[in-house]
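Have a look at this one before I ask anything.
Naming follows writing order (A, B, C, D and E), and every chain is counted from residue 1.
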Amino acid sequence: MTGVTLKGAIKRYGQTQVIHGIDLEIEDGEFCVFVGPSGCGKSTLLRMIAGLEETTEGEIRIGQRDVTHMDPAKRGVAMVFQTYALYPHMTVAENMGFGLRMNGVPKAEIDKKVAEASEILKLDPYLKRKPKALSGGQRQRVAIGRAIVRGPEVFLFDEPLSNLDAELRVEMRVEIARLHQEIGATMIYVTHDQVEAMTMADKIVVLRDGRIEQVGAPMDLYRDPDNRFVAVFIGSPAMNFLECDVVDGTVRHPALTDTIPVTKGVPSDARKVTLGIRPEHIGVDRSGDTCTVDLTEALGGVSYSYLLAPNGDKLIVEERDDQRSKAGERIGISVRPERAMLFDPESGQRLR
Amino acid sequence: ELTGELRIFLDTSNPAPRATMEAMIGRFAEKHPGLEIETTVIDREAYKTQIRNFLTADTPDVATWYAANRMRPYVEAGLFEDVSDLWAEPEIAENLASTKGALTIDGKQWGVPYTYYQWGVYYRKDIFDELGLSEPKTWDEEISNCQKIIDSGRACYTIGTKFLWTAGGWFDYLNMRTNGFDFHMDLAAGKVSWEDERVKQTFANWKQLIDMGAFIDNHQTYSWQEALPFMVQGDAAAYLMGNFAVAPLREAGLTDDQLDFYQFVTINPDVELAEDAPTDTFHIPANASNKEAAREFLRFVVSAEEQTIINNGQNLGQLPINAKSSVDDDKFLQEGFKMLSTNSPGGVAQFWDRDAPAEMAKVSMEGFQEFMVKPDNLDKILAKLERARQRIYDN
Amino acid sequence: MTAVDVTEHESWFHRNQQRIAPWLFLAPGVLFFMVYVIIPVFQSFNLSLYEWDGLGAAEYVGMRNYEDLYWEWVDRDAFYVSLKNNLIWLVMYLLAIPAGLFIALFLNQTVWGIRLYKSLFFFPFVISQVVVGLVFTWFYDPTFGLLNEFLSWFGLGPVNILGDERFVTYGIIFAGLWPQTAYCMILYLTGLNAVDPEQIEAGRLDGAKGGRMLWHIILPQLRPATFIAFVVTIIGALRSFDLISIMTQGGPFGSSRVLAYYMFEVALSEYGFRMGYGAAIAVILFLIMLCFIAYFLWSMYREEKGH
Amino acid sequence: MFPKPIEKQPRAVQISYQALLPVALLLWLGPLLAVALFSIKPEADFTNANYWGLPSSFEGAKNYGQVFFNSDMPRYLLNSFLITVPTVIGAVALSCMTGFALGIYKFKSNLWIFFMFVAGNFVPFQILMVPVRDLTLDLGLYNTKTGLVLFHIAFQTGFCTLFMRNFIRALPFELIEAARVEGISEWRIFWYVVLPLMKPAIAALSVLIFTFIWNDYFWAVVLTQGAESQPVTAGITSFNAQFRAAYHLMSAGSIVAALPPVAMFFLMQKHFIAGLTLGAVK
Amino acid sequence: MTGVTLKGAIKRYGQTQVIHGIDLEIEDGEFCVFVGPSGCGKSTLLRMIAGLEETTEGEIRIGQRDVTHMDPAKRGVAMVFQTYALYPHMTVAENMGFGLRMNGVPKAEIDKKVAEASEILKLDPYLKRKPKALSGGQRQRVAIGRAIVRGPEVFLFDEPLSNLDAELRVEMRVEIARLHQEIGATMIYVTHDQVEAMTMADKIVVLRDGRIEQVGAPMDLYRDPDNRFVAVFIGSPAMNFLECDVVDGTVRHPALTDTIPVTKGVPSDARKVTLGIRPEHIGVDRSGDTCTVDLTEALGGVSYSYLLAPNGDKLIVEERDDQRSKAGERIGISVRPERAMLFDPESGQRLR
């Protein structure tokens, strides 16, 4: 088992640069998730690690080996594709054993490995079936099985669950997490579903436009994002942002009755600052009347109110109690200073 | 003793001639058991296009073809073997003298004939009798006969011009009768303008027949065989055709009482009668591999006995080219033989598409066909032919 | 294991297999295609500058063959007739498209046995044009043809379609339309299968019915089928040879020739063997077709780039 | 579905539609049925001008017997098979490879090579006539089935490549990538991964090419002569020359010549239509 | 503007009956959502109202008019399809105007209406584009625009958002809700996404197998479901069910330290009863040790713990505080009696 190291990895397609020098260290046995908006380069980065895309510059190491220009097959990685990429004309067992067979592994050994993998994934009843005769979740399991059989040092997953429906997605998510615990290999997982990222990852890598925005454990990113982009990306509904004035060392906003003290990071000459606050951290003050409730959405246990601040800023507030806001109502809101985060209005960098 | 393989290509694809030729080859094979003979019979129309190919590739040892201009391109391209040596043999030199000219180009002989046949008018005697007609001798008689036939609800002549050459036969006769053999040959050689008054006169005569409805309708859609039933069923009274038409007519059920023959009538009394008598020939391709056997085969074909056999009434029903062989006592053959040897002082033509160069033959016969369907287009047609003449003979 | 010794162990071929493999896979096909298709096209261009009877040596004549063709055009001669007929073919043959659409619409139902009907309707397409030609020759036969039999029921006829220079081309085209219509029908039937039913429903809600539904909603969705039908029909029209050869041999008096047949006649038929001249005609035909090839490739190129 | 599904129409419309179907079919196939009728008539019916009446006696066996035992027809049929089958195998094999190369690999000239095949496929083949004939002559393959087969393979490769390449393009590319990650060589990817997936395309294409080649007439005329190598389409014309005006035999001969592709169509209908609409170009 | 009334509406395809007599009253201006599992007949019912499916029996009224057998175009309804069903060969403006054009409305008027609708939907910049050149959300807006332009009395939506990705879905959901407020027409909306149903509906109709299970306002269904089916269907994660014993008028379960009094509806002789409790209504007792935490998923503000009860029952618990359960930990749980619902174990009917 080995970790993965990227040093200044760059990818260019012709003139256009897609990955702009990624430095990243993934520990042995870690579950690392790449997230980011569509087109940010998640898949490209993963495929560079797999060797399916040539790395233009920089270095990729798996364990001690420099694999930058190595053949995909030699890297000791296995990849699970979004579309599963099962060979439709082979049975489940054949699919899983194909790579070994082509590499001249004796039949008995193949059978043994396939049996092991299918036991882990509970695929025994389906070994003789063709992929067509399987459900989406089962297919996904076969794809994972195919990866396991080869006993790779690193597993690569490219949005493996995005073709499943919501229920199955939850189920398979749990299963992959369990698999990771069981075999303990390094896994790199691409998704744009932040629930998956939050729930599965040991380490989340947030990408934007081919650059790393932040790397860290899920709850660290949630609690302590480095910049506005990460703050928006992690957590749902997304964090609210209020454009505030800095007056006398305090942060003020017309929607807030109380003020929030500036943090260390705020430059002394700052006049404006962006305050970030998650919907679940806003307190509702029914007696106040700074904001108008524009719309409410009740989801049962929780409901979201869309508020309009006096200066036109929009806010979403999560409410859980039985007493909830109604559209048209006017309410006040409160923010606890330790929950508030301050960002540079221009660069979006966290000020702390 | 001859050995090896002898490949023979034949264009005699109609059933009767095909059988005749195959039987003849059988007899040849008997005489030469060491020879492995392979015979390929190709559709007569297709043969005309394919000869090019097989003369240059996959060449047989013996192939049928036609005399005169029709063989010129191959002679000039060096694809036919010079067989002057055969013609030097006394056996052939003496007995085949009459056809030597048709096979001579540049003073050499390039093949041997195996049959020739007269052209003329084959008619339904029973219908003539029924209408009280007799064989015409002059154009006027011809016209009046024809009128009576038409009045009886029949066409005078059946003809199928889909493959064009049948119309060429009509032109041959009308032109030779109107302007004489020499003029006809000059025209074929491109020496006379198609817009010449004399040519126009030929067409004027033709038009006379067309206008009165002498020919069956829709002849442009039929091949010559497909036109036969009109005569067999009595919808047409006569057919201007080569003697090979007799066999299928008989086969179709016409007896010799119903069928008779007369020489094409005189039109211009000032010109001598001339006839079409196309000669069919055997050649040895220059690329043949077994020329020795091929020569032997040619000798065999022209031998007096074989000529007698293959040309008799049961077989080809045509005229032998060997002076020593006897003409079958079939009445048509006798009549034809007599006609050609005694009553054709003007000369003997091969046939329009053998006397004229291929390209001209094609264009002109297309013109004849058009003329037969649309006689009013004559001027346009002749203008076109004249342009073609200038282009073709120019090169 | 280090990167260096890995690469050393691999053969050059192995390392570059992704770069070499396509060329190895392509080699036989490209070779064949070059030798038999691409090079001959250029040879034909070259040949059209020569006069050659296929037997002796070829004589360079420059543009003479084209000049001759030009004069044939001016004189309303064979070349003119062929070109004119080709245009008639092009236009008339396109009738296969609406006809095919019509039949496809007619058959686009689910009733018992409809699959069999569909395949029987498709039948003419699988039959050789040679047989189609024979069949229609008899159909048109002036004495006993079914057509005249049929016309006589209405007190019409008889007409000799194939013997009349006014009708003959249309007669042959009609025969050609028979299989071609079947072809277009199949294309449209599969096209209709792919028509989005929700769009039809949207159309119904929008109040489109019958002809207007067909025109505004169905036909636009059948565009791919129509495009293909158009391409294959045009190409079929320009390549038309078999039917003419079987049915009329270009007759009567050359009035049913098209370029494809004319060039065959000039180059390889009984009275022909003007190879250079034939090649010149082929070049003209090729240039006409080139418009359509270019159009096809262009639309294909756009599609490829669109992906 | 358009027009309105017939099940939703009034009963009367449904019935008249059902009744109209066979009538339309009869009209549509009229000429062909006429030939079928001719082919079982005795010769006498034609001399008696009984063209369209019922056959005065059933002579199907005799007529077809004549075709099979007393003419070159069986030889022509055999030739057709000997030309068609190797062509199908050759063209499909070549185009599987070219299609694979053009469909899977990205290299600069890819699209241009592809376009070369496509354009070549649309060339009016008359322009190839003279050079190909000369080439065949030079190779000593004139009037051989081999000569015809080689040309057909080459020419059909254009169409087949278009077809195969588009088919392979539609395959999920991940399959190839998955295989590459597993360390499978390109040749084995072709053989073990792509080829099995192309079975439907191969079937469709085979059927299609079979009928195309079987029905070819032009090249048969240009490149062959005589019964030893000509296919049935060319054979039928000389057959008809031999039995000129014997309509019953000509009809029987035509039916025999038409039968194999028709049988092929019926047996392999699904593939055939898939082929047409997938490749969609002749 | 008018409501929609169904009386004993039945739909049969040949022999199979798909809709079994639906009686339903939808008020003028109401936003009514049909939910239910796949194949339950939602689409069929909607299409019957649209006139796209023949109604086998029963009556459909729109306002005062009996439209049961009327032509779809005459009913004054407009429909938005799941796949948008935009005409791909027409521009956005043409798409929107097509219905009017077919009805012979003069060009100037069409233009005016299209302009109005595109203003509401912010489609102005795209009017000249073909649908292909639009994003999913824009297409969806065009489909809605096409419906608006025709000025129908009733809007019908068949899963209009199911082809959009999660983010867009939220956005469009809000937009449709706003649209409803703005034009106030009656809207019938099919979905199987319960968030959509909860947030958008004035009235939810829960369907199962062609029958209505319950009709009501969203929070009513959430708080007071008629049966287990509705209880499962509404609320996410789904309600937990515990098979309990009835002992001495109280409901007991090994996972629960405290007991819950039976409600009126429970028959006196009942020995078993199913207790339903939503994940957000379970209290965690860190000092207890009745349940094992199998797995936890932290989503930021909220986390879900998957618990294993002593008798093998599985439970999901929602936790919000900073102190959350960890996998492997043992905890106790508590349920407030007023949050618990009792169901008949056999029929699934609510006992109340």
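Basically, contacts are C-beta pairs under 8 Å (C-beta built on N, C-alpha and C of every residue); 3 or more make two chains touch, one makes a residue touch a chain.
Please read these numbers as outputs of a predicted model, since none were measured by experiment.
Undergrad: Based on which chains touch which, give the shortest step count from subunit A to subunit D.
TA: When the steps are counted carefully, the minimum from subunit A to subunit D is 1.
Undergrad: Report the chain whose CA-based centre is farthest from the CA-based centre of subunit A.
TA: Greatest centre separation from subunit A goes to chain B.
Undergrad: Please give the pair of chains with the highest number of C-beta contact pairs.
TA: Maximum number of inter-chain contact pairs occurs for C-D.
Undergrad: On C-alpha atoms only, rotate subunit A onto subunit E and read off the angle in steps of 5 degrees.
TA: Superposing subunit A on subunit E takes a rotation of 175 degrees, nearest 5.
Undergrad: Could you grab the centroid distance between subunit B and subunit E? Build each centroid from C-alpha atoms only and quote it in angstrom.
TA: 93
Undergrad: Provide the C-alpha centroid distance between subunit A and subunit C, rounded to the nearest whole angstrom.
TA: 55
Undergrad: Cα centroid separation between subunit C and subunit D, in whole Å?
TA: The answer is 15 Å.
Undergrad: Hunt down the residues of subunit A that sit against at least two other chains at once, touch-wise.
TA: As it turns out, subunit A has residues touching two or more other chains at 71, 74.
Undergrad: Residues of subunit B that contact two or more other chains, please.
TA: In subunit B, residues 45, 56 touch at least two other chains, as defined above.
Undergrad: Could you pull out the residues of subunit C that touch at least 2 other chains?
TA: In subunit C, residues 54, 268 touch at least two other chains, as defined above.
Undergrad: Along subunit D, where are the residues that touch subunit A in the complex?
TA: Touching subunit A from subunit D are residues 172, 174-175, 177-185, 188, 192-193, 196-197, 199.
Undergrad: Which positions of subunit C touch subunit B when the two form their complex?
TA: The touching residues are 51, 53-56, 68, 75, 77, 141-143, 160, 162-163, 165, 248-249, 251-254, 268-274.
Undergrad: So in the complex, which bits of subunit C are touching subunit D?
TA: On the subunit C side, the touching residues are 14, 17-19, 21-23, 25-26, 28-30, 32-33, 35-41, 43-44, 47, 54, 105-106, 108-111, 113-114, 117, 119-124, 126-131, 134-136, 138-139, 144, 146, 149, 178, 183, 186-187, 190, 192, 195, 197, 200, 210, 213-214, 218, 228, 231-232, 235-236, 238-239, 241-242, 245-246, 259-260, 263-264, 267-268, 275, 278-279, 282-283, 285-286, 289, 292-293, 296-297, 300-301, 304.
Undergrad: For the complex, which residues does subunit A have touching subunit E?
TA: 174, 177, 193, 195, 198-199, 218-219, 222, 234-237, 278-281, 295, 297-302, 306, 318, 320
Undergrad: If you look only at subunit E, which of its residues touch subunit C in the complex?
TA: It is residues 47, 50-52, 72-73, 77-79, 81-83, 85-90, 98-99, 102-103, 146, 150 of subunit E that touch subunit C.
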